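The structure that follows is given in the form of structure tokens.
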Amino acid sequence: MKEFDFELEMKVRDYECDIQGIVNNANYQHYLEHCRHRFLNTAQLDFAGLHNEGIDAVVIRAELDYKFPLRPNDDFLVRLKMGRQGRLRMIFDQEIVRKEDEKLIVKACITGVLTKNGRPVSPDILMEKFNRIGIEFPEV
Amino acid sequence: MKEFDFELEMKVRDYECDIQGIVNNANYQHYLEHCRHRFLNTAQLDFAGLHNEGIDAVVIRAELDYKFPLRPNDDFLVRLKMGRQGRLRMIFDQEIVRKEDEKLIVKACITGVLTKNGRPVSPDILMEKFNRIGIEFPEV
Amino acid sequence: MKEFDFELEMKVRDYECDIQGIVNNANYQHYLEHCRHRFLNTAQLDFAGLHNEGIDAVVIRAELDYKFPLRPNDDFLVRLKMGRQGRLRMIFDQEIVRKEDEKLIVKACITGVLTKNGRPVSPDILMEKFNRIGIEFPEV
Amino acid sequence: MKEFDFELEMKVRDYECDIQGIVNNANYQHYLEHCRHRFLNTAQLDFAGLHNEGIDAVVIRAELDYKFPLRPNDDFLVRLKMGRQGRLRMIFDQEIVRKEDEKLIVKACITGVLTKNGRPVSPDILMEKFNRIGIEFPEV
């Protein structure tokens, strides 16, 4: 069974739903992003703080499989597992499941890189912070 | 050279940009969706009208390659080419380019299906409307 | 001292912040709306469910005083007190405060009405549900 | 008759509509903001550029009267007239009307101030740029 590095509980807000009465597709990217940024927080890192130091986490590819829609007031869990690919890429395996029954809502694979002053740099500076709190990132 | 079925010009709005000063990743999905929905309009179809008849266009998979970010006030073009896959799937090849220099911003492949009262149906009802205005959808 | 009928704790998400590094003005309306809708839930009511019965809660006026901005990761509280005005109007006195120090962020007064199949109706149908759980709405 | 300083044509995007099938209240603030920022552009000013110089335009109060909802694909016009109040305040009288019949959708009064490195400054630096292109701001 896959083991996740981080899990965040969230709840659908009505304004995130569109004419079809279900969460709009783009908002799942917001949920996934919020989960990744909160994961950074666990290692005393934060997106805005990194940006102010000239370091930006940038998504270069997103694959999302929409399995089942979330509806108003649904409680859900956003999970992630982080890995490395080559020298520069961070791979986030993510999933969103409905809380009450673990029904799979979205499965996603997000590829990110770090840039410093606009140029790609090794994600080691992030990795070290996570290693300190006992999280390792396998090559994937 | 790939030929597109539809092209829409848009402009970045400041509120679509985040702390990094660039368009937030989720908003590109909004741009791509808006382009698909406007494409429906060219065949006298519309997303809200279809929904009221019980017909929903649903995205089941999205692949997005983020090549270069859009910035405040950038003018850009969103393009699509539509194809079919098997009996049920509609495939939208999409790209976003910066208007001034055709710089590639996002390349996307969106897979959708039609549902009627919640059950998958053939997209023929849409296809026929497009055929009437001279647009054909190749098997991909 | 003003006593509130309902309070909701929330946290700023990075994508809600704009180029200035603070929460975009429009998002405070989202926070205030989410609080009102969650308040409905406490009386076994919900916005989407009401809509499906032809009953829509509609905002007709919003006054917002922006006192101080929220920043990434800030925890905050959204509060509301509900009253009536005349035969048709519901008045929501709302405020957003930063959690750590009760710093006032936004003060808002939102006026809403109920419509049934598009025509204004008395909010009594909502009020009764709240009365049952011990919440009364003073004339304001 | 009131004369406006600026008018911007826009079109409703489906994702801006919520469960009720109409544009979500918060999005009108986005429309109004986009109109104000585009107005800045007419005087060779821009929101992001100002921010990079340490100058931020900040909304301190918004009053919005929601008269009639916009629906999917509606074309609409956003207008503004700018005035001054006292030494520091800029007042934006704004309205949104449906294009086809000038039906009033939203009437708004937005109060803003300029800050430089976080402290309020006179809006004269903006005003001068507008004066150069023949736009004057009356005391209101």
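Chains: A, B, C and D, in written order; residue numbering restarts at 1 for each.
As a working rule, a contact is a pair of C-beta atoms (placed from the backbone, for glycine too) under 8 Å apart; a residue touches a chain by one contact, two chains touch by 3 or more.
Treat the numbers as computed from the prediction; the structure is a model and nothing was measured.
Centroid analysis (C-alpha atoms only) places B farthest from chain C. The distance from the centre of chain A to the centre of chain B, each centre being the mean of the chain's C-alpha atoms, comes to 24 Å. With centres set at the average Cα position, the gap from chain B to chain C is 34 Å.
Multi-chain contact residues of chain D (touching two or more other chains) are listed as 14-15, 17, 19, 21, 26, 30, 33, 47-48, 72. If touching chains are joined by edges, the resulting network of the protein chains shown connects every chain directly with every other. On the chain B side of its complex with chain A, the touching residues are 19-20, 25-27, 29-30, 33, 47-48, 51, 56, 58-67, 69. Partner chain A is touched in their complex by these residues of chain C: 13-15, 17, 21, 30, 33-34, 37, 41, 46-48, 71-73. Across the complex, chain C is touched by residues 14-15, 17-19, 21, 24, 26, 72 of chain B.
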